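Here chain A shows up in two complexes: once beside chain B, once beside chain C.
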Partner chain A sequence: MRNALAIARKELSIYFTTPTAYAVFCGMTFIAGMMFLAALGYFQSMSLQFLSYQQPQLLEHLNLTDMVVYPLLRNVGVIFLFMTPFLAMRLVAEEKRSRTFELLMTVPIRPFEIMLGKYLAALALMAVAVGLLGLFPAIVSFFGSSGTIMSSGAGSPIEWSTVFSGLIGLFLVGGAMMAVGLFVSSLTESVVVAALVTFVVLLVMWILNWQAGRMEGVARQVLDYLSMPTHLDAFAKGAPALKDVVYFATFMILGPFLTERAIEAHRWA
Partner chain B sequence: MHDRTPLFQCGVFKMRRSRLIAAGNGNASVGDDMIEVRNLTKRYRDLVAIDQVSFDVQKGEILGFLGRNGAGKTTTMRILTGFLPASSGTAKVAGFDVFEQPLEVKRRVGYLPEQPPLYLDMTVYAYLKFVAQLKGVPGAKMKSEMERVANLTSVGAVMDRVIANLSKGYRQRVGLAQALLGDPEVLILDEPTVGLDPIQVREFRDLIRSLAGKHTVILSTHILSEITATCQRVLIIRQGKVVACDDLGGLAKKYQEPNRELSLEEIFVKLAEN
Partner chain C sequence: MNQKTLGQVLGAVGLAVLITSPILLLFGAAGTTFVAGQAIFGLVLLGLYLALDPTQVGRLLSGRGTFFAATAGGFGIVLVAALAVANYVAASKFPKQWDLTRNHIYTLSDDTQKTLRGLKATVHAYAFYVPTDRQYGQVKELLDRYHDVGGDKFVVEFLDPDKNPGKVRELGVKKDAGPELVVQAGRQQDKVQQVSEEGLTNSLVKVTHGGEKKIYFLTGHGEADIKDTGATGYSEVVKSLANEGVESDTLSLLEAKDVPPDCRALIIAGPQKKLLPPELSVLEDYLMKGGHVIAMLDPQVDSGLSDLLKKYGIQANDDEIIDPLSRLAGTNLDVPVVSQYAQHAITKGFNLATVFPQTRSLTALAEGGEKRPLALATTNPTAWGETDFKLLAEGRASKEGMLSGSLAVAVLSEKPVTLPDKRSAEARLVVFGDSQFPDNRWGQVGPGNDDLFMNTVSWMTDSSERITIRPKARDASHLTMNQQQMLAVQFFSIDVLPVVLLAVGIAIWRVRRSK
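Take a look at the complex of A and B:
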């Protein structure tokens, strides 16, 4: 564990002493900010339109959580799709390219510890990303008014339990994506190839349910289950089921496990 | 070509066979072979990198590893450090098989690869600390251990500089410092003097000499004067095969010509040329 933490610390120090992490997080918050403003603008215009309808069941859904935070968190998944390949690409591939892999393989540590250190660092990055994104609901909560536009009730303008569920969902999406990226990175010496392959795999996982519309029955269910947005959506709505947790856990266990095997394989060939 | 150089087994090889069995698993005691290599072969598909290499290195001995580029020096060293697996044959360090008990071997070996394994984005201090942690240097001793190796390799002045900004000589020395961390019993150094200036080469020579006795060192180099100055024994390989393994005096005696003794360079040229 000590070794794994040493590796995680080393990874994070490289991410945060070079521009990598800052550039990626800057880009992420900028794009998320654009999405956030768009959602806010939409909410504003909808509020004005609906004000004349006087229909309580419609206005029920016209709150900041459902109209601003929920779409924001769902869309941020797309940012993660572009961002995680860049963050994960160097994890193992860079060690091989710069020959430092030879150091890791000749000091008394296990491949498991190398993998664990790297994945912990990746998860820490995702935690920072989710923390930054948490600022958007916080802003809404600070400036928004509570209740619906019909009745300005007391309490928080944000349904924090739903928002937290969404943020946890985002963290799991990030963790799953990093798991894919880590594994792909352990298969190649080229960071560019690692990023590209990771991106393609993740994109396929992301748009798998586009095909589901044309299908019926089991095929449709399977495609739906396999695609990532389905499960992020469940979290963002604040109602994750066990299958959503299992889905992300599968990535987060399988990816590191395969990475460990890939590193161990170097001792054999 | 075949008649000129018979294939030598190491002289010590046959002698120590019985002791090898007695030692079995576990730590080698004083006087024993620290490194035992038996019939080591490494094939990369059709290419045979090393072929039936056998040799021993005694505890406290400094072995010079010679051969032309591509002769198989780096491959042998990589197998000894557990970075590469052998296709066949065995290698033991301190009685532990490098493939079966890699952690035990890695705990005892300091390795400087041909290209120093440096993280260019880190400072020398952060880098050495990271390696010391991985080598299991306890926290309380960390600082003194880092100071010790920094003094040995004289990198103390650049501790806070980022490695990417260091000259080749400094990078090489940081790589050496990394290998010395944790005071390992065995040092495997792949061309350690590349990029050092003459004065640094001299300091390095003194450093290696000071390690003799306590540490077992395998060092590969193309600078033959390096070998005569520091090593007790020389191993020469050609196209993956051991062609000589003897102490310097023995080599000179074996290859002397009627009227004069050959220099190491002449012997090397004679043995290592394809």
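Take a look at the complex of A and C:
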């Protein structure tokens, strides 16, 4: 375990002492910021529209969690789709390319520990990303108030329980994507190939439910279930089910397991 | 090209063909048989690869990695299978959901949960929605929640009406009326009026608690015959009722002495002779205990019911309605066309014209304290009730001195029941001034004739109380930001935050490179 933590620490220090992580996070926050402002603007214009109708009961339907935070968290999943291949590509492939992999194989560290260390570092990276995204709901909470414009209510303007559920969901999406990226990275020496293949696999997992719409019966149910947005949505709206947790856990178990096997395979090749 | 190279090429093609086959299946680009064929083709090519270069087989079997690949592959397959089972079980056997919202907006109300847990037979929900429908997501989410609680007893099926014409016909779905949701239990089915928890649960209660609904038609006084397929028979409308799960039977009160306990409504369809006193007392007793009666009383016939009707605030006038305006609609003077209906569950959303051949007028009497009877359907204001039947027989009529204006041809009366051994919470009585309007002939003539009769029967036989479920939503919240604050948020979101991250990255990179 100590070896795994040492590897995780090394991986993290590489991420944060080179511009990679910063560049990716910069892009992520910029695009998320645009999405956030769009949702905020939409909310503002709806408020004004309902106010001008002079029908206070319409204002009762306005909710910042539903109309700003929920769409934001759902859409950020797409940013992750583009972001994780870049973050995961170098995890194992870079070691092979720079010939440090042979070195790693000669020290008394089990492949399991190598895999665990690298995956923990990837998860830590996703935690930081999710933490950065948590700033947006915090802004809403700072400027918003509960109740309607006509009559202010008590309590928090943001339903933090729903927001945390959504952030956890995003973390799990990131974890699942990193698991795929880690495995693909362990199969090749080229970081470009690793990123590209990871992206294609994740994209397929992301758009399966487009295809589901054209099907009927069991086929639709299966495709719907296999696609990632279905499960992120459950977390983002604040009502995750056991199946959503199991779905993400499947990736987070299978990816690292296959990676460990792929690393072990080098001893036997 | 030598054999070895050919084998390698075939092997590569085989591998590609084999790997892509499940993806093809997933994206529905090809049928199952085609994909299976492709997979077999891939395997054959791989076999050729090994056959053309037999040394590969030996190398593969004796290699150091073979043992490892076999164990890793075997364990991998077991793990994948175990995870697949775990997903299947979590998705279909343990529908555990954590509703983390403050108002528990994703949790079904107690009433709905009780209804779903109490389901004895399987209920099918057929949603004729396609994913491009605006409400698709909302409907799917609602139905999924019902399925989670109801389990195997609540089966959800999404159907494209264009691809399932058989089901569309079977359930009587109107394709042009937009997407529909139909709930079916056994032979009972109901269209969900409003797709919400309240609408769906009420439909669920309606199709499950109803059981077989039975109505009786009184006989013995020359009433319309429910088996008669001739012009004056009721066979058509009785068939339509059977399609909606309402069974019809006949009842002679002279033989039976009492109304059977399974009777949801008793229909007196145009008696041509007076009812006898013992029959009248059974009828009165039935109504007092919360019975439901539809009485259709043709003009110029004394059915002997007038005293009983008066107790419920309804007076059957001894006249026949004449409406000159009905000429315009293409019927005779004595066939008034009716298109004015009262606000009531029976006539809710009902906008079809009905015709009443030779009908008497009815009067809703104002009775103090009681709920006033309701004139359900009324004629045009141009009509009058002709009492001079001699003149009428000569084919003439005169408005002079007659009851005129919008005359009622259907009146409804309800009375709450307080007796302990009651049949239902309230007595319901609907009187029509005519018994021909739903028969085999006139049921086809009047656009709404059959529907009005069926709606009345359906209201009469519907015993379930409506459940009210308040829709749940998150509490309202709002933003109070002025222009400056909005600018500040904008500045922070797309400027400060990303730029700081980028700056730190570049700084660290520069510093480390210069070391």
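Here, the second predicted complex is superposed on the first by the 255 of 269 C-alpha atoms of A that agree within 3 Å, B and C clash if a C-alpha of one lies under 4 Å from a C-alpha of the other, contacts with A are read in each partner's own complex, and residues count from 1 in each chain.
As a working rule, a contact is a pair of C-beta atoms (placed from the backbone, for glycine too) under 8 Å apart; a residue touches a chain by one contact, two chains touch by 3 or more.
Keep in mind that what you see is a predicted model, and the values were worked out from it rather than measured.
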item: Clash or fit (per the criteria above) of chain B with chain C on chain A; value: fit
item: Chain B versus chain C as contact partner of A:Gly33, first or second or both or neither; value: second
item: Vertex chain A, arms to chain B and chain C (CA centres, degrees, nearest 10); value: 140
item: Partner chain in contact with A:Asn3 - chain B first, chain C second, else both or neither; value: first
item: First (chain B), second (chain C), both or neither touched by A:Tyr22; value: second
item: First, second, both or neither for A:Leu208, with chain B first and chain C second; value: second
item: When both partners are placed on the shared chain, which of chain B and chain C touches more of chain A; value: C
item: Which superposed partner A:Asn63 touches (first chain B, second chain C, both, neither); value: second
item: Touched partner set for A:Ala239, first chain B, second chain C, both or neither; value: second
item: Which superposed partner A:Trp268 touches (first chain B, second chain C, both, neither); value: both
item: CA minimum distance (chain B, chain C), superposed complexes, angstrom; value: 6
item: Overlapping contact positions on chain A, where the chain C interface meets the chain B interface; value: 17-18, 268-269
item: Of all residues in chain A, those that touch chain C in their complex; value: 16-19, 21-23, 25-27, 29-30, 33-34, 36-37, 40, 43-44, 47, 59-66, 132, 135-136, 139-140, 143-149, 153, 155, 157-159, 161-162, 164-165, 204, 208, 211-217, 219-220, 223, 225-226, 237-243, 245-247, 250, 253-254, 257-258, 261, 264-265, 268-269
item: Footprint of chain B on chain A - complex, ascending; value: 2-3, 6-7, 9-10, 13-14, 17-18, 98-110, 266-269
item: Chain A-facing residues of chain C, complex; value: 23, 26-28, 64-65, 67-69, 72, 76, 79-80, 83, 86-87, 90-91, 94-102, 106, 130-132, 148, 157-160, 163, 473-481, 485-486, 489-490, 492-494, 497-499, 501-502, 504-506, 508-509, 512
item: Partner chain A, residues of chain B touching it in the complex; value: 78, 81-83, 85, 99, 102-103, 106-107, 109, 111, 113, 115, 117-122, 126, 130-131, 133-136, 178
